[in-house]
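Chain nomenclature is as follows: A, B and C, assigned in order of appearance, with residue numbering initiated at 1 for each chain independently.
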Amino acid sequence: MVPTGSGSARPTTHNGEHYVDGARVIEYLPSSLNALPSSRYYLWLMAPALILLAAITLYPFFWLIWMSLQNVGAGPETEFVGFKNYIRLWADDKFWTGWVLLFKYSFFCLLFEITIGVFLAVVLNGHRFENILITIFLMPMMMAPAIAGLVWYYLFNSTFGWYHWLFQSLGILGETSIIGSTETAMAGIVIVDIWQWTPLITLITLAGMKRVPRDQLEANMVDGASAVRNFISITLPNIYPFLLIAIMLRFMDNFRFIDVIMRLTGGGPAEVTKVLPVYLFDVSFVFFKLGRGSAIALTLLIVTIIFGKLLVKVFENPASKRIDQGN
Amino acid sequence: MFNIPKNAIYKRINRRKFLELGGGVATALGTGSLAVGLNSTIMKTSVQASSSPEAKWKQYAGSKLVFMSENTPPSFAIRDTIKEFFDLTGITVEVLTDDLPVVLQKVGIDVRGGKADFPVFYSQDKPIGAALADYCADLGKFIKDDTLPQDPEGYGADSWFDNFLDACGSMYEKGKIVALPYDAAIACTFYRQDVFEKHSKDFEKEYKYRMEFNAKTTWKNVLDYTTFLQKMKKAGQDVPYGYAQHLGTFAWTTQLDIQRMMYSHGQWLDFKIDDILGSKKPGPTNWGDASSIEMMKQYKALADVCHPDNLANGTLELNTVYQSGQIAMQIQYHEFAASVEDEKTSKAAGGKTAYAPCPLGEASWIKNGGKAVNGTNCGIGGIAINKNASEDIQRAAFIFATYATSKKLQYNVLKGLGGTPTRKSVLAEPDVVAARKRPTKMPNALTFEPVYDFGIKAPNFVLGPKIPEVNEYHKILHAEVSKCVAGKQSPEDACKAIKKQTDNVHDI
Amino acid sequence: MSSRDAVVYKTPLSRIWTIFTVIFIAFYLLWTLLPLVIMTFSSFKDLLAAFQLPPVGAFSEIGLFFNFTPTTKHYYNLFVNLGFTTYFLNSIIAAGGSAIISVVLGSMCAYALSRYEFRGKSDLFFWIISTRMAPVVAVLVPLYAIFRGMDLIGTQAGLILAFTTFNLPFAIWILKGFFDNVPYAIEEASMVDGSTRFQAFRAILPLVAPGIGAFVILCILFAWNDFLFASIIGSGGAKTLPPATVELVQPQNIQWGSIMAAGVITTLPMMLLGLLIRRYLVTGLTMGAVRE
């Protein structure tokens, strides 16, 4: 790296310019151009963002670590307890159930979102109204999850909810609302997630499908019987990297947001929807057990970071890169 | 109008510490000017004991306070009439209202962080008061302070309804008052008189006694009524379901719901502690004993014949279910009478609903040899003052507390939005007396007989459990009771699970 | 080509397929729109009308849904009595403020990251993006403690900073992808003409401007729709629309009419903005991993 003093370009003269056959010939080049970019210049550009980010993310991280080693009781005093909070978590059924439910919730959301989303993409791809339809389908994604939770609560209500009336009329449900039974409550919160986020899967899949060679696809239209086989052998490999991205993103968002669950079931009935972040919310903001809460939060963060690492790997996956560049 | 005294002391409570720390960043971002935080400010004129009452009220004129409250009628009423308080004292009060769990969350964060964003806050006796008692100022010293304006009726236990001051004011220490009673939610039975009358004959044929509701009606009767109505409903008749419980998402009210049944039968208590003072070290819980298992069985038996959406309905939803005419009985807090009697929203309005005390214990269900009572519990919302606030802010806050719990204000709220008075004297007002009978202009007054004349008195009233870990206890109870009602575990296992987890919370 | 298409439409299997897709799309359209339609209609209904349902199984009486006298009183109530004007403005200031800060600081940082190679760059990059992935509940407590210490709770500045925790890493990550696509030659050419480095940076900004504009809007969308930060950090002085709406769930009466009206008010602007940046939506929502 060549130091270039202040890092910014110095004033240049234009004396050395002349034209040959209408093309500009430059005999003198500004020194800043040949010089490798100054590291200091770039650091200055990065600094504000990085400092701000560090202040609002690194400090909380270390705070969490420190706090997770404390016992925060009912009173104002805290006491250093080492790994006691973690040991306690190990024996805490609600902690483990929380993880199981979180994965169960994410799994069912993704299962349906991928199935419906990909199918919708197949149906929409090249459809006459593709653009207008997808635009309409995107609308639920723009809704605040907290509001979506309230709206669906209203729809599911057994006293005045239209969806409950529909379920009841179709014989799917009895008089118990979907969020009022331990058997169906999980389905209730999954339905809202499907409603909001299936379009994202469709959108991503569609972006992937645009890269499938067109003549191959048209060839499989001729022979209808092999359409399914061709979907598996041609389309799927092409959209696979995109689906992987979609899966990772949705998985992480299910970890990040609990707005819908908080509004619909609050983790109930009988804790069948008490996914780990909801339990964490209770421990930190209802019981004010900040030590235990921090320990839970850290485990959640670490798992998310591991997922993040995987996600970034997927992002840098040569397969999706190659397709990207081919476009 | 703004009587700014010459010797005013300006003291910004919001010290804007962020200018020293993160303010550098915030200011650099140009956002500093956007900061419109919660700040209480104080301005003071000295007064003596001999000063006029007016001077005492006005001593903090020009100050500003933030009051964090639950979104219930008294708070709306206070917000709507806050100008009156300003005219009286010159103090501006910003009234913030939120859901109870959110109030707990915000106040908890505030006081535990050593701050006083909310110098005065709503302290619902158990969820907030018992959990945060250590952070509440002792109001006793202000009551004795003759440089502060005082309520003409005083603050003695006699000026409030029975037990109210103890319910929200006594926490762990004798003599310390952590909150003054501001509003009250007392449980009583709301039932559909029209439905009862219509089916009384059929009922009597089958069960050999009359279908009616009064102070002698037992939990066993409630179970019978509910079973009877459910059977008719299942047979396709046009009747409402009988009863429904408070399960839903609001953990505290589930604890209250099962507590009423437990206390009715031999005055069972959750812990071996003083019901009035509570305890910071409650010791092992009584869950898992023979009484609790029997009661859990009966609670489950009742649940099995309740409204089918029993598990989804919390206190608020339950009231909606009752309003829509789907159930014939609910045990509900008496403040809800106003919404039940509202013809615009309720099918149970217009004389269809009658009010009775909470059911009596069934003698044959009592396992601990105690007596049968009409177990009644409450949420007494108090006004508490944040200990972190400066002395002057605390004093100014006390002036507000005095005003907010005064007879005049409570009377006005009762007349307006339908409040729940805590001062005895309100009930002596002639039009309040008249309102206890239909047709009434104050629907809540219809409940006064079962509530104020009966439910809150010994031996029916249960105040506790007051323990610091009360919110975690409520959640544990709520989860295990729900699991039992859902049929995922037996009543016995539920009681044992509650005991195990609760004792674990208390390091036993 | 065209003759081949004609053949396709004549096979019975593809005809069934066509019919099936039409039904599927119609069903999906209904499934997407119905909650939005019910929300909108209910916001114009009186409470008792909103509670009306036909008897179970009586599909012929479904018209009951449209049987009401429209009232705008819920909207009136929101803006006149419940202070939603303030909350709306709070939402705009907090979401807009955080979006602008994120994109301004983010584009500077992203540009530098795109042009500058150094050791540990990928680690730095991963750290940046991992802050975006952190579960909100997990960071809420420490963030609250810090903000509390700086007296930022309940202030617009605090809320803007809180939203920035997820918007800034997002902006850096995604804008880096944009700068990567701009050839260095353009800056070179600009510097040949005598620009300083910073001027060269500004010279390429117009090339990425549409993208930057779109991501300002996406950042607004994320912040606008946030609930947890808004309710805990912005509580009191900087209440935004989602927490204000949730607060309408009140002990005595859940004000469904007002809640639905508030839902419409909160959702509608975001849907319009979503339309505006429709082209960038996939890129934005997949953090740049997918381009349309």
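One rule holds in what follows: a residue touches a chain if its C-beta (ideal position, glycine included) is under 8 Å from a C-beta of that chain, and two chains touch if they have at least 3 such contacts.
It should be emphasised that the depicted structure is a prediction, and the values quoted were computed from it without experimental measurement.
With contact taken as defined at the outset, subunit A and subunit B are each touched by C. By C-beta pair count, the most extensively touching chains are A-C.
Separating the centre of subunit B from that of subunit C, both taken as means of CA atoms, is a distance of 38 Å.
Per-chain CA centroids place subunit A at a distance of 13 Å from subunit C. Residue positions of subunit C touching 2 or more other chains: 51, 145-146, 161, 232, 246, 249. Annotation for subunit A: residues 48, 52, 159-160, 285 touch two or more other chains.
Residues of subunit B in contact with at least two other chains: 22, 25, 105, 109, 317, 320, 324. Here subunit A touches subunit B in the complex through residues 48, 51-52, 55, 73-76, 157-160, 174-177, 179-182, 265-271, 274, 282, 285-289, going by the rule given at the top.
The part of subunit A that touches subunit C in the complex is made up of residues 7-9, 11-12, 14, 26, 29-30, 32-33, 37-39, 41-43, 45-46, 48-50, 52-53, 56-57, 59-61, 63-64, 67, 119-120, 123-124, 127, 133, 135-148, 150-152, 154-155, 159-160, 162, 165, 168-169, 195, 199-200, 203-204, 206-208, 210, 218, 221-222, 224-225, 242, 245-246, 249, 252, 255-259, 263, 277, 280-281, 284-285, 290, 293-294, 296-298, 300-301, 304-305, 307-309, 311-312, 314-315, 320, 324, 327. Residue ranges on subunit C touching subunit A, taken from their complex, read 4, 7-8, 11, 13-14, 17, 21, 24-25, 28-29, 31-33, 35-36, 38-39, 42, 50-54, 56-59, 65, 105-106, 108-109, 111-113, 115-116, 118, 124, 126, 128-131, 133-143, 145-146, 161-162, 164-165, 168-169, 172, 188, 191-192, 194-198, 200-201, 221, 224-228, 232, 241-243, 245-246, 249, 256, 259-260, 262-263, 266-267, 270-271, 273-275, 278, 281-282, 285-292. Residues of subunit C touching subunit B in their complex: 47-48, 51, 93, 97, 101, 144-158, 160-161, 231-232, 235-238, 246-247, 249-254. Residues of subunit B touching subunit C in their complex: 14-18, 21-23, 25-26, 29, 31-32, 34-38, 66, 70-73, 96-100, 102, 105-106, 109, 113, 115, 117, 315-317, 319-320, 324, 335-336, 338-339, 344-345.
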